[in-house]
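Structures incoming, each one as structure tokens.
Next, two complexes with subunit A in common: one pairs it with subunit B, the other with subunit C.
Our next item is the complex of A and B:
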């Protein structure tokens, strides 16, 4: 482990990303738009009443928090890893006496800071306009922190092992697009999980995608009972461990395969 | 006894490459049943390089030079054979090994393009765990040697190719590696910049005794830096030794360039009396003769005696011509 080198890399990546902040602000804005569209659709559908117990104000609260959580957990570096393998840029990482994972982690951390510089003010502005409402308790706030960290870890390592399949199939990045589609369906983007039909809800409970995005939001806005929170954490932890093991497996075999075929 | 810095035995690398005929039909067929072909990129090479040696690894495109360097730097796993570099097996890629070697590629950049070189150097010093004082000292030395003070604060993307190459060299030497693999470091650089980099490498090698393997298609790089050359062709090592000896054994001829004080009518007639002398197309008013080495004294004496000679030089054929001959024939 070489944490000092990793930290230097993070600072550097951050500086280099700030050079392109216009690009990243636009990217963050692009990620926001679909969620805003669904916010307005479901608010209109709820009207003066409520849908599965969710009123206009609570839907607004759900989606505004989801906008932030989605940007905190979305892993932009997964796409870069696939490209680096495809174009042989990974050689440079392999020659350094430090795990190449640090390069991805540094992009992650640097990226989050740059995205939040844009997203927090915009979300705050939206909150003033559309007046969300939810009961925020101390315990919800405290549980939200580990939930969002684990959601990031799960989403990152899940995407990472998929991206590493580029060692065998050069266009493995299509799997990342598929992951995004699953998050859209089962991760509370298209609709809060509570609004899904029963059969989709039970699938969403089991698959990892809810735990990559909707789960921390549900914890914070108080949609879950204590029991549901505990079960959710168990699923989230389990899937994160699975994702990490898959990453280790695919990495060790992938590098060996890459070395064997050249690049 | 001193252990050689680089020791290679029977090193072999085969690639499996997908292969298909052109056209849509063949591409659909290859989707269902892909065909592969085994290509031997490096065939059982042996070599041994001592500490501080500068060795030129030459050969035509596709000869296996880069594959060899990639195996020695740990990027590629060999199909068979052994290698140790600085006492390590390269393809285990242990951090302690990676800190002792450096690979600089003329066609790949190790720099972050968005930020000034100085920031990248700092990060590299952390990654390679160079103590602050040693870092500053090495950096100052390299900056002075490469005369690049002015470049340090510009983002890398705004640097010229030559300026960037200087940065790549600093990045590769910051942590004072014992072994350097230089893969075409002068690719695409102008003559002056090539010369400056050569001077730098020579000086650096003199003071630090770093072991260098250099590949280049510019023979001037090799002649200026590498007393010893290793020639690879079709993955096989076909020559390992002194560059001068190689040139002599390959080109048993020299060139005489001669200019006369006044026009000569019967020169061709004169030439025809020596069966082994050949007249080549003239260059800038000079007659050019190709003569076996051992006949040089006699022919030169006769020329000076019989003709009003204004200028006469005896030269070796250009090294490029010699190398081209090997590439064409495939053997030494």
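Our next item is the complex of A and C:
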């Protein structure tokens, strides 16, 4: 496999994306807003007291970290996979002497670089306005890193295998919209998992969506016991393996099924 | 009369074009139910934790959600598709094809406001009306004719405010054609999903007077519950008409600035 070519592609992509940063800043702004809405709603609901042990300050901390984690794990490249298959762009990728996965990876990395340039300053500014409270420890910080990397991998490969269904169905990307709704409901966006009703909490525990976004945040801001952290990592690792296997399966079958049209 | 005839033929042509893609029917239906489902479930989750937030209870907030979905449906029916075709991504200003629009023998603001229709947005309108009626039943009030009339009047004011805000943001594209101003207002519109009184003071001021998305849903909801004073009604009406005049003025100024695009 040609990793050097892959790295050149990655660097090239983020440099070219930086030239269109206005567009990507807008995208980042749009992803931030729903989370800000629920930050304000839950703060108003908690008032001076607390809900399930969460005060206004800790809710603010949770959501501000979630804004960053959500953008780090969100895979915009999932949305273009289907188009590239439909329009036949993938022909060229299949001929290049490196894995087509690099094209998606390069957009992923470029995206993270550009989005963070916008989101980190804005989140810092918001932190000054709404005064969140964190109790960070070194161990939480260390555990956060593998949790966020695995969350990205899980979300990326999960969206990727769904997007690759475009080999068979032209509108497979509506499955991605469905995935976004599930992440909103069960991935800690609508409410921190602790505030969900019991039946939703148990669904959230099992499905992969919490492990794509809320789990690293819960680890970092210290909402979980040691046991819950271990169970969470087990679920996250399990779902990531499942997502990767599904991706390999759909990809190999899809390429065999694929037939370019047009020219 | 001529304008009504034009609208009818715009509607017909857009609908014929859209109905050619049959799978879109199911995908749009799925999306409409997703936005309804996530919206209602969000309220269930929130009011499972607290009885009221700043005086807003479940039925009142549900009515407001109905108004939000209704406005969103109207926006998606023609306002956004029409304005986006000028000021959106790959819009006419961006591509320089706005020249042809300028040559049409009809008022330009009328043309860019009404020319594209998305018939499937009617799903959203129907579902929104369902939510609204259910919320009114939950509120358990017998609607007097006066309340109903003031509600409809305030709803009209909200549609005017929504249209004017979208028009004003679209007009900004004449000053900077590379920036997607319409995306900003579309993102901010999401804040109208909840009563403006639930947001912190600084945000409430912005959402009332600067970018009035907060008024669009809160005011009709208050009219429906009979808590809106006649003075506030008059102010809202005058404010919405002033916004319309301001946005139209901005649009005409922009038209004068338009200097085509070279290619």
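Throughout what follows, the second predicted complex is superposed on the first by the 258 of 263 C-alpha atoms of A that agree within 3 Å, B and C clash if a C-alpha of one lies under 4 Å from a C-alpha of the other, contacts with A are read in each partner's own complex, and residues count from 1 in each chain.
What we mean here is this: contacts are C-beta pairs under 8 Å (C-beta built on N, C-alpha and C of every residue); 3 or more make two chains touch, one makes a residue touch a chain.
Fair warning: this is a prediction, and the values are worked out from it, not measured in the lab.
Undergrad: Examine A:128 and indicate which partner it touches, taking first as subunit B and second as subunit C; both and neither are also allowed.
TA: Touch status of A:128: no partner.
Undergrad: Return first, second, both or neither, reflecting whether A:15 touches subunit B, subunit C, both chains, or no partner chain.
TA: first
Undergrad: Scan A:178 for contacts with subunit B and subunit C and give back first, second, both or neither.
TA: Only subunit C; A:178 stays clear of subunit B.
Undergrad: In the overlay, answer first, second, both or neither for which of subunit B and subunit C A:23 touches.
TA: Only subunit C; A:23 stays clear of subunit B.
Undergrad: After lining up the shared chain so the two structures overlap, which partner does A:2 touch, if you call subunit B first and subunit C second: first, second, both or neither?
TA: In the superposed model, A:2 contacts subunit B only, not subunit C.
Undergrad: Just to be sure I follow: which residues of subunit A are touched by subunit B in one complex and then by subunit C in the other one?
TA: none
Undergrad: Under the stated contact criterion, what part of subunit C meets subunit A in this complex?
TA: 23-24, 27, 30-31, 34, 37-38, 41-42, 44-46, 48-50, 53-54, 178-180, 183-184, 186-188, 190-191, 193-194, 198-200, 202-203
Undergrad: So in the complex, the part of subunit B that touches subunit A is made up of which residues?
TA: Spelled out, the residues of subunit B in touch with subunit A are 13, 15-16, 41, 67, 70, 73-77, 91, 93, 95-96, 98-99, 101, 103, 108, 110, 112, 114-115, 119-120, 122-123, 126-129, 155.
Undergrad: For a test of understanding, state which residues of subunit A touch subunit B in their complex under the given definition.
TA: Where subunit A meets subunit B, its residues are 2, 4-5, 7-9, 11-13, 15-17, 19-20, 88-89, 91-92, 94-98, 256, 259-263.
Undergrad: Applying the document's contact rule, which stretches of subunit A touch subunit C when the two form their complex?
TA: Touching subunit C from subunit A are residues 22-23, 26, 29-30, 33-34, 37, 40-45, 51-52, 129-130, 170-171, 174, 177-178, 181, 184-185, 190-191, 195-197, 200.
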